[in-house]
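Shared between the two complexes below is chain A, which pairs with chain B and chain C, respectively.
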Partner chain A sequence: MLTREDIIRKLKDILISADARNAAALQACTEDSKILTDLGLTSVGMLYMVIAIEETFNIRFDNVGMNDFVTLRDVVDYVENKLK
Partner chain B sequence: MLTASKEIFAKYQDEALLARIREYPDVSAMWAACVRDYADLPAVVFDGETHTYADLDRDAAAFRTVLKNAGLTAGDRVCLLAPNSYLFVKAYLAAVTMGVTAAILPAQLDERSVFGCTMMFGAKAVVCHPDLEAKLSICKAKNVKTLSAADTAEEGTPAAEGLGEDFPCVIMFTGGTTGKSKGALLSHGAVMQGTVNGCYGYSEVFNQRYMLLLPLSHVFGLIRNLMTSLYTGSALFICRNNKDMFRDIAVFRPTILVIVPALAEMALNLSRQFGRNMLGPDLKYIICGAAAVAPYLVKEYLKMGIGLCPGYGLTESANLVSGNPDFANRPDSVGLMYPNQEYKIVDGELWLKGKNMMLGYVGDPAENAAAYEDGWFRTGDLVRFDEDGFLYITGRIKEVIILSNGENVSPAEVEARFNELPIVQDSQVFEDVDESGRHILALEVVPRMTELKKIDTPDPIAYLTAQLEAVNAGLPGYWQVNRITVRDSDFARTPSMKIVRYKKC
Partner chain C sequence: MSKTKRDYVRAPLFDLDYLLYDFGKLNFVIPGLIWLRPKWVYENKAAKKRIRGSAILMFNHTGFTDPFMDQMAVWYRRQHYVAAKELFHGKFLTWLFHVFHCIEVDRQNFNFQTFREITDHLEKGKVVSIYPEGHINQDTAGLTTFKSGVVMMALRSGRPIIPVYVRKPAHWYNRAVFCIGAPINLREVYGPMPSMQVIEQISDDLRQKEIQLSEIIEK
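Presenting the complex of A and B:
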């Protein structure tokens, strides 16, 4: 069973791979980081994150919209719930 | 003035292939040829069902009966509100092949905008996908005729013949020159030219497998993807949800993808992260447009044996007017001008003329007057050609911001949403490059201090920022800004007190 820390670590890897030029900022992100304004994720960046999360954690997102996730905490919560 | 010709592509395509690229005056004539030549081949694959050209022809004929029974005849307009789906393709094809102009509404419009568009375009009815039925509430309350795209009839109605190239075909949404959203009216001749343009420059053109990832409310999706796929007797797999695109690719194995640069980059990065080619073993070409393509993408895909071909076009020109032949190896060019295109360069700006150009913006004489000069459409793009005729975009003189995902953002429209807050004096939305080199959409705001002082809060700037973030979260995804800055002074102003717009990119 993955711990919350494991999920965050893998999530960071995904985000850095989606946007390598922003690696420094992404490395420093916390659960409170806002996806849109702090991390600067675009709609395609969000799509990358969803696809990579599904692939990495072997889960399927339900029909979720970009605005359903405000902070990274929301994403981690969602993944954690799916893994239960 | 220059006119591009077909001969220039003879270097990249053999004679027999070039000879197969025929021109038709209208979509009806093209579709009749498609049904004659490809009847039993798969035309559209959606939700696990394969529809042949003959199936699509029968379903479109039945839907023409539905339209006819609703009182629609050639020359009328309908709004079409549907997500990418087989029902979209059927309803669109039915309307335009009977001479009814289809005003194609982006599926994300809200009910107020749907009603507004119906009025603005003078549509006699709205054809709506069952999934979007809720967006018709205002139209229904105002007694606008509504039809379901799922409707059908026992008997088919034949397509109209002899519509000709000048007959109106579709109305497409665009930001246009000044950025205010409006509808560009494209003729059958324009749609057909855009469709045929998708055949030039590749060694494999007919009977391909295309996959639809872009919205059909965008010319790149409707014309280069759907129409060229049908024209070439290819099969089009319609992806229901882009998050499933790689699972769909693994099953359908497309040979051609028509995508925006941001998606091409995403696919590349995902392939690297997971150590395998996520685009499938059969992919030959990626047709890339709607935003600037980074040359390194072309080079990286070439290493994978995939020809990424950047092109250039506008909604007003019925999609691509230029494109790279496969493996032409000019990664920073947007390719060669397609046949029949009339063009010239005035003070560095590309001006266009030809049957592919729109008939005009619907009901907007001021915009039409601003868009043309001496009958030429001013693209607003600064360009140059090299000695071999390859086109390069060197800059832009319009206010519209084009994001890497191909979305056109009108700063004024986005600013208007932030300016609705009484505590905002003025705002500016602009494209910027952040410390790490990423292109972002940024917002700067001048607070209205008189209003802000009335608010009982220990930190007025934090309060304003929170309010701006709330507005931002409620905007359509491609309008959302990535950085919010509250200024402590006004923007620089022109003598007429207009904001001096930033030009950071």
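Presenting the complex of A and C:
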């Protein structure tokens, strides 16, 4: 069973592989970081993140929209719930 | 001699779900083809090949009549348009969009299920049509920036993008011109998941490709 820290670490790896130019800022992000403003992700960036999460954690994002995830915490919570 | 196996999934020719779609197409597209006497121009030899299996058709978008014109450009395939949620207003339009199997996209709150719906269509051998500019562009200065969603669809599905540039007739008696580009298989070149920087670059390249097609027509 993955711990919350494991999920965050993997999530950061996904974000860094998506946008290596912004690696330092992404490495320093916290659960409270806002996805669109603090991490600078676009809607396609979010889609990229969701696809990568689905593959990494072998889960599916069912019937949720972009606006359901404001901070990284929302994403971690969602993944954690799906893994339970 | 043994038959070679198809390397693509073929959508069924007859499907009850598409009864009204096919009826509508017969009644509007065929008269449209007779009326507009379209001319097809191809980028090269590869572009001349009929589209088999699933593909993503990418069009320029200059008006509300575009889906009608685009049906004529690739008349032999059923096209599933990616359409903004705002267009699904009122009972009639909602019904019409459903008859034509349009895929509803909420641009303000993109639902990840929608993306899966698109890739599912492609896995079933269907054709998905998209306007990468994301809006009607009547600006004579040219095409606006392309959204990267089309790139993500092609990368995830592994199916080719076929760029098509449509020049609508300026007057009722003019001919429509369709310029069809060669299929672009992004997965073969970039793999399933390149970085966002590469994805943005590909979107820009696709825009350049549409510009090239428009220039072929003008030659």
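By definition in this document, the second predicted complex is superposed on the first by the 84 of 84 C-alpha atoms of A that agree within 3 Å, B and C clash if a C-alpha of one lies under 4 Å from a C-alpha of the other, contacts with A are read in each partner's own complex, and residues count from 1 in each chain.
Note that in this section contacts are C-beta pairs under 8 Å (C-beta built on N, C-alpha and C of every residue); 3 or more make two chains touch, one makes a residue touch a chain.
This one's a predicted model, so the numbers in the text were calculated from it and none came from an experiment.
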Per the contact definition in the header, classify A:L2: touching chain B only (first), chain C only (second), both, or neither.
neither
After superposition on the shared chain, which partner residues are touched by A:L36: those of chain B (first), chain C (second), both, or neither?
first
Touch check for A:D62: first (chain B), second (chain C), both, or neither?
second
Looking at chain A, which partner touches more of its residues: chain C or chain B?
B
Chain B versus chain C as contact partner of A:L83, first or second or both or neither:
neither
Mind sorting out which residues of chain A both chain B and chain C touch, each in its own complex?
17-21, 42-44, 46-48, 50-52, 61, 63, 66-67
Given the complex with chain B, which residues does chain A contribute to the contact?
14, 17-25, 34, 36-37, 40-44, 46-48, 50-52, 54-55, 61, 63, 66-67, 70
Quick one: in the complex, what on chain A touches chain C?
17-21, 42-48, 50-52, 61-68
Any idea which chain C residues touch chain A in the complex?
106, 108-113, 115, 147-149, 151-152, 156, 193, 195-197, 199
Listed in rising order, chain B residues that touch chain A in their complex are 241-243, 245-246, 262-263, 265-266, 269-270, 272-274, 403-405, 434, 436-438, 440, 469, 472-474, 477-478, 480-484
